[in-house]
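The structure appears below as structure tokens.
Each chain carries a letter (A, B and C) given by its place in the written order, and its residues are counted from 1.
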Amino acid sequence: MANDLKTFQPKEYYRKFLEKDVRPDGRELGECRSTVVNIGSITTAEGSALVKLGNTTVICGIKAELANPKADEPKNGYIVPNVELSPMCSAQFRPGAPGEQAQVLSQFVVDVLQNSECVNLQDLCIVSGKLVWMLQCDMICLDYDGNVADACVLSLVSALKNTCLPKVTVNEETQAIETDDKITNNLKVQTTPVSTTFAIFDDHFVIVDPTIEEETLATGIITIVTKEKKLCMVHKPGGTPLKDSQIQLCIDRAIERSGQATKLIDETQCSLDR
Amino acid sequence: MEVDRTSHELRPMTCELGHLSRSDGSATLTQGDTTVITSMYGPGDVRISKEIIDKATVEVTYRPKIGLPKCSDKLKERLIRNTCETVILSGLHPRTGIDIILQEMQNSGSFLSCCINSACLALLDASIPLKYLIAAVTCCISDKGEITLDPDLKQEKKSVAILTFVFDSKDFNVVTVSTSGSFSNEQFQSCLMACREASKHVITFYRESMLKKLSKSV
Amino acid sequence: MRETPLSTCERDFILSVIADRKRIDGRQTYDYRKIKIVFGIDRGCCSVELGKTRVLAQVSCEVTEPKQTRPTDGILFMNVELSPMACPSFESGRLSDEGVELNRLLERCIKESRCLDTESLCIVAGQKVWTIRIDIHVLNQEGNILDCASIAAITALVHFRRPDVTVSGEDVTIHELDDRDPVPLSVHHMPICVSFAFFDQGKFLLVDPENGEEKVMDGKMVIGMNKHREICTLQITGDMLLLKEQVLRCSNIAVVKVQEISELIQTALENDKTARSEGRKYGFAESIEREQITTHHTDITNVDMEDITKTNHETMDEEENQEQENSEENKVTILEKGTGIVGEGGRNSWLMSDDDEDVKIEPSIPNKSKKHKQKEKKEAYSFGDDSEEEETVVLDESDLHMIKKVPGSSDSVDLQSLKPSKSTPGKKKKKR
């Protein structure tokens, strides 16, 4: 009976739950799914992290390459994030060139990195004007169950904290590049940006961390990225208009979530070092 | 080129409606020196793969002036498309397509809000049924914490954060937010309120333009 | 979107008008439509209107490496975009045949006629040269895009200023626009394309065909010429045969037209130059005519900010400190070296030693059965967990070769008896 209602009138089905302040999977409106973080599992990459937000899974791998800096920015390295949504994670994606959703997510992650100044690009400089590090960050979604943006950001930040770059010296006489794999430096990550996505349902319910069914039924979404109590990005691409008080509630919840996520990353990182 | 103005003033706005002969609706909007030309076609036919049975399919194309479109342009298109989808009463035109095309002519600051405002004007020019009007305002926060409305390119470069808000004309609630840079919660709230006040002037501008255009019947 | 096709009666009407040696819009056979040239604030940006056809051109520059075959020459790159704005049938993305033809004609006219001195674009031979890029966007299609685009392209090139460069040995300094005045490009001559439409098997011609005339014409001739009477490009297309007298007559007409258009461009450039030097306003905003019914203008508007500071304080006071409540929620559980978990909300198909998880798995099955193999494996994974909550198995090298590859079956009952490690060989070793 419940399944019939869910198939034919999904909005009604959800409405019945939301009126009682609960969601079909048992969560409260303001509760996030259980988050699991696994750091450093890819040994061939300089840094890696796997994040599971409920069923949504994103794995991030960071490879470091040497490159020439741009002519007008001789001391800046590059961080190139790239999100891949393959047919493996959901039937809605087709193989081939990145679709719109993948491009939008990649741009979102680029913006988060820029706005939060998470890694100082000058830390990636080896020889000013000639040699800099280029970090290729590939985020591959393994399971698309809603709220992939948050999982991508979390995995990227965890992977960056786990990144170790080998020491590189340029021989003055021969101009040859020498890499010393034994001496590694941890990448300095200045802040931990955490993103929280809320879905707006039926013009007045605001639920945090939507699953894929909630995302498709939602009438709008809002994503808030915070770094240690400061806001670094508020992104609401259209959708139902929100009142100021609702936005304020979202911001408060996002700040709480950011504390929770930062603690998770830090403690997991510590357990790895021990 | 920019006239000196204080931090709580909007730059002079000029619009021209219906000047492209092939489009169903077109608008050129200038805010100060920032110029965007928007044209829209619709409701018209749409490819079967993109057809929705109970609504119109809204598609937005944004073209920058220099070079080929990049990832950041795709994000802009997504933002504008979601905003327009909220406004358009797409249920009245099922199985049709509404195409909105924006062309950058000049970027002198507050570019995203100029794009969204010109899109709204183009929709009005084409007489597409809308739920309410939308007005976008950009503001920036300097490193000293001062808020400047409708900044030009120099002010944007010196700022710490740039925020764009889009409000609806009925209750003046927030439809779209897009920010860059970092800021505190209090700064966010004050920017929100300042932009809300400013958006009322933008709505008045729309009304006056349409009144002028429809004042004589052919 | 599809374009409305030209109906047979419209086609017959246009042809009959032309047979009477007249034109629909009342022009003479050799008349051009009204040309309007407007410059933007940026250098190298201009918008040209030829009647109702509208084209925007923008020139930009970049420092790049030169081509291997020509180490001392700069690069000129042209890109014509038929924007979907111009005509409903233009698609964004792949260029149609018409677009490719347009691109090629403009390239021949401007690039191959050597109107721009590419050697002057060299900075350090073999290493650094300027790449000049011209982007042309067609905004409205009402016939004869080619002429409009060529006028826009050459005007933008002459209008453009590139940053000044000083080379001292190996160091190259590119000066900012504020430091030193930018330098114009060295343009030798201004080639402009003139289009002719032919009817009656090449016997009757019209200059500057508009949209309807373009659709019914038999053939087209394009002559690219500069004001020194030099032909830069010539192309004849279509279903007709031309007499040589026709071609010569057209080139004579083209001479006159190019002179007129060149003078117009010069006047426009002069006006823009004086406006900039005198400090008067210029740009697209100024060019919009204010006295029309379809335009509207407001000056600087003041925004009332007094109420804002009051209401802001009120909303801030309402916030309360909720930090104490979250200590339970924020508890991080370290499962293993390098893996941590926080929060308990919602279902999670990973192996957690929580009894509550089993209850939540039930309603999720109908959804999961629709999804592909990988998900089903995970479902089987969690089922298998029922019996083995405590035990965590870590695979060794010796175990790997004993594992049979189990195809992802939808029958979860069989897999229940298997140990979870064997259903996913090798992959999720430490991730429990």
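Here is the rule we go by: a residue touches a chain if its C-beta (ideal position, glycine included) is under 8 Å from a C-beta of that chain, and two chains touch if they have at least 3 such contacts.
Here is each chain with its UniProt name: A = Ribosomal RNA-processing protein 43; B = Exosome complex component RRP46; C = Exosome complex component RRP45.
Treat the numbers as computed from the prediction; the structure is a model and nothing was measured.
Visitor: Can you identify the chain nearest the overall CA centroid, using each chain's own CA centroid?
Guide: Central chain is C.
Visitor: Going by the contact definition above, tell me which chain pair has the most C-beta pairs touching.
Guide: B-C
Visitor: Taking the mean of the C-alpha atoms as each chain's centre, how many Å separate subunit B from subunit C?
Guide: Spacing between the chain centres: roughly 19 Å.
Visitor: In whole angstrom, how far does the Cα centroid of subunit A sit from the Cα centroid of subunit C?
Guide: Here the centre of subunit C sits 28 Å away from the centre of subunit A.
Visitor: What are the residues of subunit B that contact at least two other chains?
Guide: 189
Visitor: Check each residue of subunit C and list the ones that touch at least two other chains.
Guide: 315
Visitor: Among the residues of subunit A, pick out those that touch two or more other chains and give their numbers.
Guide: 244, 248
Visitor: What part of subunit A is in contact with subunit C in the complex they form?
Guide: 3, 24-28, 31-41, 50, 52, 54-55, 71-72, 88, 91, 142-143, 209, 211, 213, 244-245, 248, 252, 256, 259-261, 263-265, 267-268, 271-272, 274
Visitor: Hey, which residues of subunit C end up touching subunit A in the complex?
Guide: Against subunit A, subunit C makes touches at 63, 174, 315, 319, 322, 326, 329-330, 332, 334-350, 352, 360, 363-364, 366-367, 371-372, 374-375, 430-431.
Visitor: For a test of understanding, state which residues of subunit B touch subunit C in their complex under the given definition.
Guide: Residues 1, 3, 5, 8-23, 28, 30, 32-33, 35, 37, 39, 41, 44-46, 61, 63, 65-68, 97, 99, 101, 103, 105-106, 108, 149, 186, 189-190, 193-194, 197-198, 201, 205, 208-209, 212-213, 215-216.
Visitor: Within their complex, state which residues of subunit C touch subunit B.
Guide: Residues 1-2, 40-42, 45, 47, 52, 54, 56, 58, 60, 79, 81, 83-88, 92, 133, 135, 137, 139-142, 281-285, 288, 290, 292-305, 307-309, 311-312, 315-316.
Visitor: Please output the residues of subunit A touching subunit B within their complex, sorted ascending.
Guide: Going through subunit A, the ones touching subunit B are 100, 103-104, 106-108, 110-111, 114-117, 220, 222, 227, 230-244, 247-248, 251.
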